Structure formats: C-alpha cells, structure tokens
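I'd like to ask some things about the structure below.
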C-alpha cells in the first residue's frame, strides 16, 4: 500500500512538473490548419494545396494536419469567408492573382490589402490557346483573324485571371473583335475548345502540361494549339513557343499562388505557416510537382512579398479595369 | 481484353479486395443515412488516402462512390428520404411499395436494377470511353439549357399531384437556388445584404431539411407516429427469373439512358434517373401505377442512377474531365498521389486506369451481394417507430450541415426547409421537382447566359439547332398535353379506364 | 366526368400523363397558405432584384432569369390559389386537431432550441444532442418509466458517439 501511494504521489508530482514546465502559450498550430481554396476540387489551386498538404504530411513539417476546404461557386465567396474569419491562425486562404483581377475588374469589393500575406509559392503563366481546326498557328495570324470582321469567341471566367489575360492581348492586338463568353477555368475551357464551342482561351501553363503533351513529352496539337507564352522568357519545356513579347505583342501575365491570413492574425501564426510552406516548397515532392506542372518555383514571404504585390497591383489594376470594356458586342 | 482481366484478377488479392469492399460498404452506409453523403465521406478521407498505395486509395474511393449511389435506395424506399438527390425518383415508387407492406420487394428490385445499370454503364466505360467523351464535349450551352428545361418539365409532369403544383414546386426550387453570388458576374443577388447567403443554400441541408425534417413534422401532425403498423412481408424478395425477363427491356433502356446522360458533366447524375423514369412511364402498359408503387418505376430509376456512376467516370478516364462532383474529388485524390488526370491518363498510368475500371465492376458486384444480404434486416427497419428514428436523423442532419461549411447557418437552413417541407406536404405539392429545380437551375442559367454571350444576345439557335429545338418541343408538348388530352376526353365522351 | 378522380389510360403511346389539373378534388387551406407564401417570396425576390446593376458582361444580366422565374411563380401560385378557392373544400386527411398542432409545435420548438444551442455553442455538441434526442423521443413516445433509462442510454450513446467520431476522425468543427 505504501509503495502504491508513493508511486501515485510521484506520478502526480511528475505531472505537475511537466505541467508547469510547458510554456503557458502553446505553439502554433494547436489545431488543424484549414486552407480555404476558393475553387472546385481538381483545379490548379486545389492541386497546389494538395501537393503542399501531402509534402507536409510526408515530411512531418507540422504537428497538426493541413485540411483543404474547397469552396465552389464564385471565387469571391471563398475569399470573403477567410477575410471575415476570426484571425486565430486557424483558417487561411490559398488564392492567386485572381484576388487582384477580381478587385480590379470590379467583381469584388475587397482585395489583397484586406488580408495578411503569408507566402508566394510558385507562378504559372498564361498561354493563349486556340482550337486546332482554326487554321491559326501564331499570334500574328490570330491578330489578323481577330481584326477580320468575324468575332473570335473567347472562353473566360468573367472578372478572373484568364479574362484579364485576354483583355491584355485584345488591347495589344489593337482593333480586335473578341467576343467573351463565360466558360470557367482551365478544364472547362479545354472542354470547350475540344468541342469547338469556343475559338480561343487563355489556359495556364499547368493546363498545357496536362492537356497538350503527348507521351514523348512533345506538344500534341491535334486538339488544341498553344500560340505563345505570356511569361518574360520562354518556358524550358516549351522551347519552341515564343513569348507574346517576342511575337510582337506587349502582353505578359502570370499567376503567382499566394497564401493569405485574415487581417489581424497573430504574427506568430503567419510566420509559422510561412516557415512550414518554405520547408515544404524545398522538398522533392513539391519541386517535382512544380516541374511536372510547368510552374515556376518561386518563393516569397514577408516584406519582399508585400513589395512585390504592391508592384504587381500597380501594373494589374488598370489592365483589370479594361475588362469592363469587354461587353458583349 | 487481357489487361482488363489481369487488372480485375489483381483486385481479388486480399488487400485491394478489402479496400474495394470497405469502400462499397462505407458508401452504402453513408448513402443510406439521411444527412450524410458519400461525397462528404470522400472529402474527409482524402488526406488519409495519402498514406495509402495509389491503387488502393482510388479503388476505395470508387467503392464509396458506387456504394453511396446505391445506398440512397435504402432511405428513399424505407423512409421516403432520398439519401442523395439522385434517389428522389426512387421515393416515388419505392416508398409506396414499402408502405404497402413490401419493402423487401422494393429493395430487391432496386438492388437488381442497380446492378444491371452499373454493369451496362461499365461496359461502355471499358470499351467506348474515348468516342463517347469526344461526343460529350460537343454539347453546346444551348443544348444543356434545353436538356435541363426538359428535365424540369418532365419531373413536374411525372410527380404525384397536379402538374401545376409540380411546376410551381420546380420554380420554387429554382428560385431558392438564386440567392448568392452570381457566378457569371461576381455580384451578390437576392441575398438581402446578408453575407451568409453569399454562397447560397447548400444542397445537402436543403435536401435533408425538406425531406427528413419536413416529413418528421408532417408525420407528427398527421398522427403517424407509431411507425408502420403494417404487416411487413418477411424475407428478402430478390428478383426472380420472371422478374428479370419482364423488366429486361426497361432495365437495358434505363441503363443506357443513365450512361449517356451520366457522361454530361455537371448534370448527369441527377437527371439520368428522371429521364429514364419518364421514358419508362411513357412506354409502360400500366402508367397509372407509376407513383403508387410501380415495379418498373423503381427499376428505371435505380438502373439509371447506378449507370450514371460509370457514365460519369467515362470523361474522367478518357480526357481527365470530371463528369460529376465526386469525380472532381477523385481528381484531387489522384493529385495527392502526384498523378495528373488528363487525356494521357490512360497512356501514362494504364494500370491505374484499368484498376479504376475493374474497381467500378467489382464494387458493383459487391454492392449487389452486400445489399442483398441486408435487405431482410433493413426491411425490418420499417417497423422501427419513427419517434425514435426521426430525432436521430435530425442529429445526423445537423452533423451533415456542419460538414458542409463548418457553420451554424446551415443548421438553420435545415430547419427552415423543414418548415417549408411541412407546408408543401400539407399542400400536396411534390418535393421532387423542388430539389431537382434547385440543383439544376444554376447550371441552366449559366449555360443560357454563356450561350447568349457566344451569340451576342441572339436567341435563335435555341430553335434552329436540332437538339435544343427537339428538347424544347418535347417540353412544350409535355406542358400542354395534359390539358389537351383532358379536353379531348371531355369532348369525345370516352369513358376513362382505371 | 368531372367527378372522375381516376387516372386515365394512355391515349397515345408516347404521352400518357394524367390530366391532374382539372380532375382532382383538392384541399383548400394548405394550398392557399402555400400559394400565398410563394407569392410573398416572389415579391421579396423582385424587390431585392431592383438593386442588381444592369448587365455588363452578358446580354441579359444577373436579374433577368430570377425576375422571369419570380413572375412565373406568381402566375402559378395565383392559379393554385384561385383553383383551390373555386373547387370544393375537402377536409385534409389526417387533419390535426389541437393535440396534433401542439405536438408538432412542441417538437419544432425543441428542435429550434437545439439549433440555438448549437449556434451559440453553449454546450458541447455531444451533450446537447443527447439532451435533444432524449427530450424528443420521450415527448413523442410517452414511454413507460422503465423504458426511460434505455432511451437515456441510447441518446447519450448516439450524441457522444457521433461527436467523438466526427470531430476526432473527420475534423468537423462541431461545437
């Protein structure tokens, strides 16, 4: 009996010591971290979230799991949800430059300044793509066609990235007859191009990697034909595809993937997530993901990120506002 | 043929077989419990599949997919609550048959039909994926719009009660789908300034509120609280040879309809069963039995339902395009395993694709055996007093509501639609058209507006293109036929037959 | 002919829907309530649609389809309302007396309280669900005393069981 009592007492003492030794404030994260992706499952943003989620699990980079929440419907819904969430370091947003496109084109009444920026992980540039049966093989031919009288049917997601990219090229073409129709994102536009419902769309490089390569890794133009790359230099996997600038049209537009926290989130949580993302970004799994999807493996955080966003906004805002000129003709 | 056979045989090894079986069983359970759904389960399981082998993960999820569509039969038949929107058509005839004392028969028919539907669609999946998918991409926005309008008119006309009430129900459903941010323009509308409504009403709380909570309130009000006091014919009543022979044409036809419509991304799963049911009713020698416990009705609805599962897998396997919401989740699962579904999926990951195709077949077979074994005990569930069952369903509904968006708003949605369901039940307004209108309206509107944007505001393709024209003509004739036939009958003095 | 409540046999092999509109005798009270509710909802929708800006990106804009649907709903609701008033009233089946109304309202109230507790997270989900189940089942069933412990057990089991399963394994944020 005495021994048992002693044991029990020791156990309590031990527990008390451990209890007092633990820091009063538990380290972030103390609960599962929710990442809201304001697009449907299966899309590019979702794939980025999944890649990071898997890498974090695989490499045990965090004590709590990352939970991905897809929110379909308009992308502003998911963004607004995080904007209005409690800044407890529990809920974050994975968006891309749509947060600027949406604000600039007027479909959203809030924007990136309503959040705390956490990190940038990767960037995917746009590729103007036509359906193969059109007889168009370059931006120059496309420009001719666009100015010839018959409208070009352009599939976009109204007010979003591919719409801004289209408006930029339309502007670069000059007096072009682009007729916009709401189709959606990469998958919907690929389907529409394949089914010959639209003539032109602006797919992300990631979509090109998914839909336009053959087994040998060469471009397969039997269904869709990419015309140019809207980055500042050619993509290594598309060496024969000129940039829009090289082709003579001043239009470059890329889509960085940005992670945000609600305004007022404690700095510890923001930098905590940025740390985890940075580590995951460097893992083999994520690097292989970038390579496979033709995403430029950029990483930014903190002040450098905020500056970059401010610069980009200065550039994008007027171009996104141009979208409002693209009414149905 | 050989890769398919090899793949199927390899799925019979203990571990993969276990996963397919587990998935099918979980899916059936989720589909059968109102308030919970297979897609919820898949969403929640996605991160866990990371730790599994890719093939095991995917066959598990496909098992859940098959199971959940089939499981919807159970609650639709026994409780008149569709486990998924696609099971709405089964409530029309499954529940009356169960109420008449034959739940086993209703379930048996449904299970047999589900199996055949899955099998026929599977044959298309295994052999014709590429050409069918290519064809599916050629559907224009106006084609979609006309198809959805036809489906809405169809379901309004085949629901119990007057057609006007059916149409009113459908329109009410479409109106409830409107609040939220307009996806084609990004602006909120009919939200009354209320931010919680920006995402609109989610289908699951609406479905459960309307059918389950509404039914609970109605039953209490109408005094039906003791559960069914009917004699329940004991024992499973699986389909006999004579049944198979009698229903074969219906089975095959409904399965083909389900397969084809299931291929169309976005709408397949929900309207496959509506169209199959309506065609079955038209072709039947006893159309007056539909809605009162017609065997053909159950068979048509369930065959088409299960056919849409493999139907929706067809574009996924062929070109990497999700045919349904659950397909999109399957894509996520593939991405977790670093596989990118696209046109090259088959070429680059042929073993995995064959495994998916084999799993679709295996889970269909397992579903048949599992559900057949469950028919007898499940039929006895009819004897459970509703006083016990209904509150439990409310609790599950609340959990399901939270699983959607982690907020209490959806719980209030369940309650609100419960009251609406009660009023509709009292007014004898059918619930089926409401939920179908609710689900399909946003797609119909966005397709119409996309089509108009393409044509710069020109409506004429709706009447000049063959497919929209045909579908719209069918809709119009469906709308006016009851009045016309009534007028003709009155004026010809013919005696109506029962 | 007007007295015929039956369903007609198919006149044509392709279309065989019963002419329910003119044939069935129906209930008035709930019909009218539903029709009026629909009209009010449609009116609310039309009122809110005034604030929707004119179309920018597409020819018909965000208000066109909802507006058309609202007007259609008003039209159909009026039809139901008027035809219900013209036809003879028939007592609704299973018509509730005071007892039925009371029972329904009580259960509705208990469920509302449950929802309020969940919204404000005043109690853990497991506890409040168990309480809800116990309250509703005992109210509806009016069981003999010896059954009450069993109901208590069942309610607690389901309430806490679901809470545990769905929060621990599925990360749903139940209160």
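We call the chains A, B and C, going by the order they appear; numbering starts again at 1 in every chain.
Definition applied: a contact is a pair of C-beta atoms (placed from the backbone, for glycine too) under 8 Å apart; a residue touches a chain by one contact, two chains touch by 3 or more.
Everything quoted here is computed from the prediction, not taken from an experiment.
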Seminar exercise, completed: One chain's C-alpha mean falls closest to the whole-protein C-alpha mean, and that chain is B
For this session: Determine which of the two chain pairs, A-B or A-C, is joined by the larger number of C-beta pairs in contact.
Result: A-B
For this session: Return the chain whose centre of C-alpha atoms lies at maximal distance from the corresponding centre of chain C.
Result: A
Exercise. At what distance in angstrom does the C-alpha mean of chain C lie from that of chain B?
Worked result: 20
For this session: Take the average of all CA coordinates in chain A, do the same for chain B, and state the distance between these two points in whole angstrom.
Result: 33
Problem set entry | Centre-to-centre distance between chain C and chain A (centres being mean Cα positions), rounded to whole Å | 40
Exercise. Tell me, which residues of chain C touch at least two other chains?
Worked result: 56-59, 171
For this session: Send over the residues of chain A in touch with two or more other chains.
Result: 65, 67, 158-159, 180, 182, 328
Exercise. Among the residues of chain B, which are close enough to touch at least two other chains?
Worked result: 182, 184-185, 187, 406, 449, 452-453, 456-457
Exercise. In their complex, what parts of chain C are in touch with chain B?
Worked result: 1, 4, 6-11, 13-24, 26-27, 30-31, 33-35, 37-38, 41-42, 44-45, 48-49, 52-53, 55-63, 65-66, 69-70, 72-73, 76-77, 79-80, 83, 92-94, 96, 100-101, 103-104, 107-108, 111-112, 114-115, 118-119, 129, 132-133, 136-137, 140-141, 154, 158-159, 162, 166, 169-175
Seminar exercise, completed: Residue positions on chain B within touch of chain C in the complex are 44, 157-158, 161-165, 167-168, 171-172, 174-175, 178, 182, 184-185, 187, 189-192, 213, 216-217, 220-225, 281-284, 287-288, 385, 387-388, 390-392, 394-396, 398-399, 402-403, 406, 408, 411-412, 415, 418-419, 422-424, 426-429, 441, 445, 448-449, 452-453, 456-457, 477-478, 481-483, 485-486, 488-490, 496-498
Seminar exercise, completed: In the complex, the residues of chain A that touch chain C are 32, 65, 67, 158-159, 180, 182, 324, 326-328
Exercise. Which residues of chain C touch chain A in the complex?
Worked result: 56-59, 171
Exercise. Which chain A residues qualify as touching chain B in the complex?
Worked result: 40-42, 46-47, 50-51, 53-54, 57-58, 65-71, 73-74, 76-77, 80-81, 84, 102, 105-108, 151, 153, 158-159, 179-183, 187, 190-192, 194-198, 209-211, 213-215, 223, 285, 288-289, 292-293, 328-329
